[in-house]
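You will see two complexes here that share subunit A, one where it goes with subunit B and one where it goes with subunit C.
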Partner chain A sequence: MKLELGYIYINDIKFSDLSKVENGTLYVNKEEIEAMILEDENVKSVKVEIAKPGESIRITPVKDVIEPRVKVEGPGGIFPGIISKVETVGMGKTNVLKGSAVVTTGKIVGFQEGIIDMAGVGAEYTPFSKLNNLVLACEPVDGIEAHEHEKSVRMAGLKTSTYLGKLAKDIKPDEVETFETLSIVDSIKKYPELPKVAYVQMLQSQGLLHDTYVYGVDAKRTLSTLINPTELMDGAIISGNCVSACDKNTTYHHLNNPVVHDLFEKHGKEINFVGIIITNENVYLADKERSSNWTAKLAEQIGLDGVIISQEGFGNPDTDLIMNCKKIEEKGIKTVIITDEYAGRDGASQSLADADEKADAVVTGGNANELIELKPMDKIIGDIMPVNTIAGGFDGSLKEDGSIVVELQAITGATNELGFNKLTAKEY
Partner chain B sequence: MGKIKVVQYINQFYAGIGGEEKADYKPEVREEIIGPGMAFKAAFKDEAEIIATIICGDSYFNENLDSAKEKILQMVKKYNPDIFIAGPAFNAGRYGVACGTIAEAVQTEMKIPVLTGMYCENPGADMFRKSVYIVETKNSAAGMRAAVKKMAPLAMKLAKGEEIGSPSEEGYLSRGIRKNYFAADRGSKRAVDMLIKKLKGEEFITEFPMPDFDRVEPNPAVKDISKAKVALVTSGGIVPKGNPDRIESSSASKYGKYDILNYTDLTSETHETAHGGYDPTYANQDADRVLPVDIMREFEKEGKIGELHRYFYSTTGNGTSVANSKAYAAEFSKELKNDGVDAVILTST
Partner chain C sequence: MVKEIERVGIPVVHICTVVPISLTVGANRIVPAIAIPHPLGNPSLTMEEEKVIRRTLLGKAIKALSTEVDGQTVFED
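Right, the complex of A and B next:
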């Protein structure tokens, strides 16, 4: 399976009468976006705003971040099974509006939504401060149930991102990158000397607003399975969850999965990157056992030498992480796991909810309990009031002058467990 | 700033008084530089001076722990030093424990920096590495020079209140404190590099060494549950409606104690959850789903349990550190015991 990603670099975003992409600027017709989102009868109102790098803007409570993409050649479309028909994707050509994103915010759904600061110290902790963002502040109709509310906002983001992506369909990319995965047999023939490596991606599926969708299917109702790396780049996996902001894998993360990109970097040189195993993070013990058994079994069946396992969320999913690691290691396959830590504000507490000596190669995205002070911003998009109650906030988080003291947990993408960031922790 | 004032603690052997036969030597203070102090003096140059050396026999210290500690503490207080250095103790077990004990006491009581040094397998190392800085030394006095070379500069940094680097930079035993920083590469690249090393059988350094995991053995079964006083405790965040104590949705800094004497059933009018780690819809509809007061009242009526305790204890488990959880439970377990509770049903979410 081979996909060409065409990057069109976006370095500015503006409102305009006509939506278009020209000379690196993304022009957006606000009214068209508003009308499209209001087609959903569960959305009462929407405010469409722009947030650029370096601006004194705080966006909160953030639900999802999505990168606009469009299928140029090849079967299917972006977000199969949700926006596009459920055709297998990951082949042909896809254009990307690199440097831009759609951010969804508005009335809080659950507790686990985050903060994106476009400037100041907070901006250093979230990758989304570096993007030209179109922000949708959606207000649901009164009396709506939380799951319907989440779904409406999720769809508003995906629809808007698709709308923007389409603007790039006929534009010649600034740069093209090609990704190819051969069948496992051919790949082994081509690189007989290289160790066979796969990526085990754990998908958040604790349920009750903690959901991930694969080709439109709720991941908690799936068995561990194989997927091609390029399918992720066409939006086969999307986020639908309200897990803590710092280690939530947004749809943007799924589209730009850094483990996939860094494995491709070494593919054919030091390793043979043969594919991805996706597995879920359900809450029942039987589900955890079944999913980790299947993951280990698949790893063995493909004949792997090594895997990287990434996590989403913390606490309960720590058990899935350790089960996967342990069972795969027991098959004689080497593992590296990527997680983050909840070591307390002083960093002195136990970091994970589960542990095993077989997990001897760990990459950490940092201690999510560490406190950070965010200075006031000139403009708030969304609603600032939930800051005291979101995960990572506490009574008194929001100060009178508009500054905020929160745990890193509250910052969208801060301790990402796909290894998206440079943030990490060490022991003192 | 004048010279940094140092008080040093050593045992009878390093004071040149004698070996095991003199291990019962009582605490004594001398206003001079003795034994290892000479090497420290050389390393400090003009920056610091050892104004007193306290000597105590290892057996005496360990056999008269409280009184010896108190006596030595008084001696240190008299000199009001800027830093207190104990040892280094190398692999001498009782000496290591004495150094750790007295260093920790001085740090707590006098609020001044302290430093000791010992071999990583000295029993004192595991006992005190989390509370005091312990420079890692070789396992015998032959490592004195190397030990002083690391201890003296670290002592100066501590005395001056300068920022202390990581254990590998400064040479102390890791204290188990996790601190964030920005690495040169993103996490995914670090993971791929680590995997390649692991596959090649090369040395790699994990970013998080697995801790010794704390597993709790269950208590023996309650002999007669029909006579037992049972309490409900939850990490599911159930609180009276309005969350009067403002328990956080994640990383709880407190727990609540709530009276249920007059409740036979929790309803959406009376109780809710503060927990941010799960969809609160069903818990808010009926908090009995997380904290089963209704069933417990039925059991009480039917005589299946003796009685339901008047109070329940609640916090949110979500993101709450293990150290905090332990501290909360240690506190309210005492109350539960004093209130004559025989058994606890602990519900989680």
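Right, the complex of A and C next:
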């Protein structure tokens, strides 16, 4: 399976009468976007705003971040099973509006949503402060159920991102990158001497607004399975999560998964990157056992030598992580796990809820409990009041002058467990 | 909390969904629960059926509390 990603670099975003991409600027017709979102009868109103790098803007509570992409050649479309038909994606050509994103906010959906500061110290902790963002502040109709509200905001983001992506369909990319995965048999023939490595991606699927979708299927109703790396780049996996902001994978993370990109980088040189196993993080112990059994079984079945495992979220998914690690190691396959830590504000507490001596190669995205002070911003997009109650915030987080003291947990992407950030920790 | 209460000499039963975490943190008497969002119930059942679940789990926990254990024990049935 081979995919060419064509990057069209976006350096600026502006409102305009006509939506288009020209000379690195993304022009957006606000009214068209508003009308499209208001087609959903569960959305009462929407405010479409722009947030650029360096501007004194705080976006909160952030639900999802999405990168606009469009299929140029090959089967299917972006976000199969949700926006496009259920066609297998990951082949042909896809254009990407690199440097731009759609951010969804508005009345809080779940209690665990995040903050993106476009300037100041907070901006250093979230990768999305570096993007030219189109922000959608959606207000739901009165009396709506939380899960319907979640779906409306999720779809508003995906629809808007698809709309923007389509603007780039006929544009010649500034740069093209090619990714190819051979069949397992062919890749072993091609690289007989290289260790066979796969990526085990754990998807948040606890339910109650903690959900991820694969080709439109709710991940908690799936068994661990195989997927091609390039399918992720076409939006096969999307976020429906209202989980702690620092270490949830937004749709942007899924599209740009750095573990996948880094494994491709080493592919054919140090390792043979044979593919991805996706697995879930459910709330029944039997599900945790079954899913990790299947992950280990698949790893053995395709004859792997090594595996990188990434977690999403924290707490009871620590058990899924350790089960995956332990059971794969027991098959004689080496593992490295990527997680983050909830080690207390002083960093002295136990970092994970579960542990095992087989988990002896660990990469961390940092300590989510660390406190940070965010200075006031000139403009708020969304709603500032939930800051006292979102995960990572606490009563008194929001000061009178508009500054905020929160744990890193509240900042979108701060301790991301795919390594999509700068934070880490080392043991000496 | 389980460990601190046991430290002063009072036996504790930990009713817990994620048994591996309970084992990792060092509980001695563990009774597996239903699910993380609803450890002692199941919203897909009727109130009467849920009452049976609660009573059964509580009965199991009381039995565990009065059982001598030699190290960490999971009371499956």
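Heads up, the rule we're going with is that the second predicted complex is superposed on the first by the 425 of 428 C-alpha atoms of A that agree within 3 Å, B and C clash if a C-alpha of one lies under 4 Å from a C-alpha of the other, contacts with A are read in each partner's own complex, and residues count from 1 in each chain.
Quick note on the criterion: a contact is a pair of C-beta atoms (placed from the backbone, for glycine too) under 8 Å apart; a residue touches a chain by one contact, two chains touch by 3 or more.
Computed from a predicted structure; not experimentally measured.
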{"item": "Fit or clash between subunit C and subunit B when superposed on subunit A", "value": "clash"}
{"item": "First (subunit B), second (subunit C), both or neither touched by A:Met91", "value": "neither"}
{"item": "Subunit B versus subunit C, judged by how many residues of subunit A each one touches", "value": "B"}
{"item": "Touching partner for A:Ile404 - first (subunit B), second (subunit C), both, neither", "value": "neither"}
{"item": "Touching partner for A:Lys288 - first (subunit B), second (subunit C), both, neither", "value": "second"}
{"item": "Partner chain(s) touched by A:Leu208 [first = subunit B, second = subunit C, both, neither]", "value": "both"}
{"item": "First (subunit B), second (subunit C), both or neither touched by A:Met323", "value": "second"}
{"item": "Touching partner for A:Ile271 - first (subunit B), second (subunit C), both, neither", "value": "first"}
{"item": "Which superposed partner A:Phe111 touches (first subunit B, second subunit C, both, neither)", "value": "first"}
{"item": "Partner chain(s) touched by A:Ala137 [first = subunit B, second = subunit C, both, neither]", "value": "neither"}
{"item": "Subunit B versus subunit C as contact partner of A:Ile78, first or second or both or neither", "value": "neither"}
{"item": "Subunit C-contacting residues of subunit A that also contact subunit B", "value": "206-208, 316, 354-355"}
{"item": "Subunit A residues touching subunit B - in the complex, by the definition given at the top", "value": "110-112, 145-147, 195, 197, 206-210, 242, 244, 258-259, 261-263, 265-266, 270-271, 305-308, 314-316, 334-336, 338-339, 341-352, 354-357, 359-370, 389-395, 407-409, 416-428"}
{"item": "Residue ranges of subunit B in contact with subunit A within the complex", "value": "130, 164, 166-167, 174-192, 194-196, 198-199, 204, 206-211, 213-214, 246, 248-251, 253, 275-282, 317-319, 321-324"}
{"item": "Touching residues on subunit A, where the partner in the complex is subunit C", "value": "206-208, 283-285, 288, 316, 318-319, 322-323, 353-355"}
{"item": "Interface residues, subunit C side, partner subunit A - complex", "value": "17-21, 24-25, 32, 34-37"}
